[in-house]
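So, here's a batch of structures to check.
Two complexes are shown next, each including chain A; its partner changes from chain B in the first to chain C in the second.
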Partner chain A sequence: MSDLSLLVQMGFGALLALSVYLPLRCGQLSLATPGFYVIGGYVAALLSTSWSALSGDGAGYPLTSLALELVVAALVAAAVALVLGRPVLQLRGIYLAIATIALVEILRVLNLNLAWSGGAVGIFGIPQPFAGPGGYALATWVLLALVCWLCARLEDMRLGRAMAAIRDDELAARCMGIPSADVKLTAFVISAVIAALTGVLAAHFLNTWNARQGGFDASITTLAFVVFGGSRIWLGPVLGGLVITALPELLRPVGDLRLILFGLVILLGPILFPQGLITPERLARLQQTL
Partner chain B sequence: MQVPSAQATAASSLLALEEVSCRFGGLLALDRVSLQVQPGEIFGLIGPNGAGKTTLFNLISGVGRPTAGSIRWSDGAINGLPPDRINRLGIGRTFQNLHLFQRLSCLENVLIGLHHSARAPLLPALLGRRSFRQSQGELRQRALELLELVDLADTARQPAGSLPYGSQRRLEIARALATAPRLLLLDEPAAGMNPIEKEELSALIRRLRSRFDLTVLVIEHHVPLMMSLCDRLAVLNFGRRIALGTPESVRHDPAVIEAYLGVSA
Partner chain C sequence: MVHLLQILINGLASGAVYALFALGYTLVFSVLGVINFAQGAMFTIGGYLTYLLIGGAVGANGLLAGWQLPVSLPFWLALALAGAGSALVGLGVEAMAFRPLRQRNAEPLLYLISSLGAGVVLVNLVQLLMGAESYSIPTSTLAALPSALALGGAQIRTVQVLLLLVATLLVALLTLWLEGSRGGKALQAVAEDPVTARLLGIDSGAMIRLAFALSGFLAGVAGGLVGLSVSIAGPYFGIGYGLKGLGVLVLGGLGSVPGAVLGGLIVGLAEALVPSELSGYKDGVAFAILFLVLLLRPQGLLGKPVASKV
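So, the complex of A and B:
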C-alpha cells in the first residue's frame, strides 16, 4: 500500500472514530456508525454507476457529482437516523449498543440479499473522481479537518455543554430544562452524517462496495478507536482512529509478530490508560509544560 | 414582602396539589395529599424519614408521575409532563443526594442551567464570530454573578465534585437559579452543614426570595431552622399530610407531636 493510500485510510479511521465519539459525548454507546458508513457507500456506488448523467463528458468523474453524492448521502443518513433515533435512543447503556449492532447487522443482511445492492458481489467499477490516492488523501483530510473543527466548536456551544451534562447526569440535565431526547437525537444524526460522508469517499476510493464493508467487526473496530484514544475530548478519537488504522501497516516490517504486537497495543491501551490516551487533564498538563 | 395568610385559597395559589397519591407497588408513598403554595412564600415540608417528602418533590418536578390526583401550576395541570418541560414552566429544583455534573467546573454547571438563555444563531457560533463570543462572555458573567451570590466565585474553575459538601449544596442552588425559576424546590439544602452554615443558608434563602421574586418550597429535617425560615409548613407522615399551617400552629399540633415523639401510653 502506498503511503498516500495509508493516509486516506487513516483519515477514514479518524472520521469513523469521531462518528462514534459524538453520541458517546452525551453518554450514548451507539455502534451504528458502520451502518451509516455502508449507507453512504451505497449512495455513492449506486448514483455513480447507474446514473450516467453524473459521469460527465468522460474525462474523469466530475467533482460536482461527488459533491452531489455527499449531499444525498448526508440527507439519506440524516433521515434514517431521525426515524430510527427516536425509538432506539430510549434504550440505555448496553441495550442501546445491542440495538445498534442489530441495526448494522440488519443492513448487512439486507444488502447481501437485495438485488439493487448487487447482492454478495456488491457494486463494481465505481468511477474515480481523483487520478490517484493524493486527491483522495486531500479530500479525506479536508473532511476530517471540517469535522474536527465542528467538534472543537461544540465545546464552546450550548449544545456541547448540554451533551456533557447528559453524559454526567441525565436526570439533573433534564431538571435543568435540557430536552435530553432532542440533544441525543441531534448527536445521533450528526454522527450518522459523518459516517455516511466517509462512506461516499470510501466507495470511490475502494472502487467497489459491498455489504462486507460494515458489520459487527466494523462496529467493534470503530469502538476500539475511541476506547484507545479517549472519549472525553475530540482529539482522543482522532488519534485512536489514526493510530489503530496505521498500526498494522507500520508494523509490517516485523513480519508475523505484527498481529501479536497489534493485539498487545489494543489490550494494554485500556489497561494503562483506562480513559484513553487523551484526556482533558492530560492535555492541560501538556499545554503547561510547552 | 407581604406574607400570605395561613388560610390561603386555591384560586390565588401558584402551585396546587389536589388529592395527589403515588404508589410504588405495594407501598403508598403519598396518600391524597393536598396543599397550595402561594406566590412569594417560603413553604416548608417536614416529616420523619420515609414520609414521602422527596417523592412529592419528584412528582412536582416531573421526575415521577402521580398515580392519582392533579398538580396545578399557575392555571394548568402539569402532572405527567417531562422534567425539562416543567423546568421551563418555571420550576427549578435541587437534589437531596446531590446531582451535580461532577466532572464539570462550577462555572460550567451554572452555564448548563443557563441553557435556554444561551440560545445563539448557529452560523456565528460555528464560526466563532465576535457577536457569538460577546454573547458567551455575557453568559459567563451572569454565571459568575450567580456563583458570587452563593459565595462560590473563587471556585468557579474547580470541578464540582471536588468541592466540600456544603459548597456543593450551594452550587446546586446557583445552578437551579440559572434556569430562571419562579418556584424553587430545595431538597434538604442544609444537610451536612454545620450550625453556622445553616444560619447563613437561611439568610441566603430569604435574600434569594426577595432578589428573584421567588417562591420557595423547602424540605429540611432541622426543625428549628424550618420554624424560623418558613411562612407556612406542611407535615407529612407515612404519605399523609397530617398538619398544615404557620410554624406556631404546627408546633403545637397534637398529631405532629405524636408523629415525632410517639404516643404516650
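So, the complex of A and C:
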C-alpha cells in the first residue's frame, strides 16, 4: 500500500471514530456507524454505476456527480437514522449497543441476499473521480477537517453543552429543561451522516463495494478508536482513528505477529490509559507548556 | 419433504449450543456486570483443542504445520479436556483483561475493549500456530454409534442428538450447582451485591475467577461440539457464534440463566424453521428477533426490569 493510500485509510478511520464519538458524547454507546457507512457506500456504488447521466463524457467521473452522491447519501442516512433513532435511543447502555449491533448484522444479511446490492459478489467497477490516491487523500482530509471543525464548534454551542449534560446525568439535564430525546436523536443523525459520507468516498476509493464492508468487527474497531484516543474531546477519536488504522501497516515488518501485537495494543490501551490518550486536562497542560 | 421432527431436533441442537454459549456470557455478566468479548475466542480454542486431542494433525499452514499429538484420545475425553483448556484460557483472560481494570473501578466500556483485544490476540495466536484453514472432527471418533437414527420416519443425525443431550446435561448441572451448593450460592451472592458478599466472608475475587473458568469451559465444550457437528471453519469461527450468543443472551435477559436457555432454544428453532430457499437469511433471524424484543421489552424475555434511579 502506498503512503497516500494509507493516508486515505487513516482519514476514514478518524471520520468513523468521530461518528461513534458524537452519540457517546451524550452518553449513548451506539455501534450503528458501520451500518451507515455501508449505506453510504451502496448509495455511491449504485448511483455511480447505474446512472449513466452521472458518469460523464469518459474523461473521468465528474466531481459534481460525486458531490451529488454525497448529498443523496447524507439524506438517505439522515432519513434512516431519524426513523430508527426514536425507538432505538430509548434503550440504554449495553442494550443500545447490542440493538445497534443487531441492526448492522440485519443490514449485512439483507445486503448479502438482495439483488440490488449485487449479493455476495457486490458491485464492481465503481468509476473513479480522482486519478490516484492523492485526490482521495485530499477529499478525505477536507471532509475530516470539516467534521473536526463541526465537533470543535459543538463544544461551545448550546447543543454540545446539552449533550455533555445528558452524558453526565440525563435526569438532571431533563430537569433543567433540556429535551434529551431530541438532543440524542440529533447526535445520532449527525453521526449517521458522517458515516455515510465516509462510505461514499470509501466505495469510490476501493472501486468495489460488497456486504463484507462494515460488519461487527468494524463496529468494535471503530469503538476501539474512540476509547483508545479518548472520548471526552473530539481530538481523542481523531488521533485514535489515525493511529489504530495505521498500526497494522506500521507493524507489517513483524509479519505474522502483527495482528497479535494489534490485539495487545487494544487489550492494554484501556488498562494503561483508562481516559484515552487525549483528555481535556492533558491538552490544557500541553497548551500551558507551549 | 424434510420431516418436522428432524427440523425440531436440528433446531433444538443448535439452540442448545447457543444456550451454552450464552450461559458463559451470563455467568461473567452476573458477577461483573460486563460482557466478555473474548468468549468467542474461547469457543475457537475449545474446537481446536478437541481436534488436536483426538489426534488430528495440523494442516500445511501455520507454525505447527504437520504436527500432531502422540496420543489420540476418545472424543468425550478430548472434549472434556478441551473444556478444561478453555477454562484455563478464561482464567488468563480474566487476569490480563479484567482484573487490572477491576482494581481501578474502570467504567464498563473499557472492559469491552480490553476483552476484545484479548480475543483478537487469542484468535490470531491460533491462526499463527495452526493456519487459517478449516478442520473437521470426523464423526468416526464416536466409534460404535450409528451416524443417523430413524425416529418416527425421520432420519436424525446422531451428532445432533448427542449435542442436545450434552448441552441439556451441562445446563442441568450448572443450575443444580448454582441453586444447591455453597459455591453456587456464594457466586449468586457476589452477583447480587459484591460488597455485602465480602462482608459475609465470601472471596469475591475467587468467585469472579470461578465464573470465568466456568464460562471458558462452557464455551470450549460448545466449540468442540460444533466442530463435531459442523466443522471448525478457521480461527474466526468462534466470533460469529460469539456474536449470535450475545444476541441470544440479550434476547433471554442479561444475567438470567433460564433466559439464556430460552433465548438459545428460540433462536435455534427459528433458524431451523427458515425454509431452505431463504437459507441466506438464516444468520439474520437471531438479530431480527432480538431487535424486535428489545423494542417491546428492553430487559429481554426473562430479565428483570431495570429500575431507573432518581
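The working rule: the second predicted complex is superposed on the first by the 290 of 290 C-alpha atoms of A that agree within 3 Å, B and C clash if a C-alpha of one lies under 4 Å from a C-alpha of the other, contacts with A are read in each partner's own complex, and residues count from 1 in each chain.
Here, a residue touches a chain if its C-beta (ideal position, glycine included) is under 8 Å from a C-beta of that chain, and two chains touch if they have at least 3 such contacts.
The structure presented is a predicted model; accordingly, all values stated were derived computationally and were not measured.
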item	value
Touching partner for A:Ala14 - first (chain B), second (chain C), both, neither	neither
Touched partner set for A:Arg158, first chain B, second chain C, both or neither	first
Chain B versus chain C as contact partner of A:Pro179, first or second or both or neither	first
Partner touching more residues of chain A, whether chain B or chain C	C
Chain B versus chain C as contact partner of A:Val243, first or second or both or neither	neither
Which superposed partner A:Leu171 touches (first chain B, second chain C, both, neither)	both
Residues of chain A contacting chain B in one complex and chain C in the other	171
Chain A residues touching chain C - in the complex, by the definition given at the top	29, 87-88, 90-95, 98-99, 101-103, 105-106, 108-110, 112-113, 171, 216-217, 220, 223-224, 227-228, 231, 256-257, 259-260, 262-271, 274
Contact footprint of chain A on chain C as seen in their complex	35, 37, 96-97, 100-101, 104, 106-114, 116-125, 127-128, 239, 243, 246-247, 250, 254, 280-281, 283-284, 287-288, 290-291, 294-295, 298, 306, 308, 310
Complex contact set, residues of chain B against chain A	61-63, 82-84, 87-88, 92-93, 95, 99-104, 108, 111-113, 115-116, 118-120, 125-126, 128, 136, 175-176, 178-179
For the chain A and chain B complex, residues of the former touching the latter	150, 153, 156-158, 161-162, 164-165, 168-169, 171-180
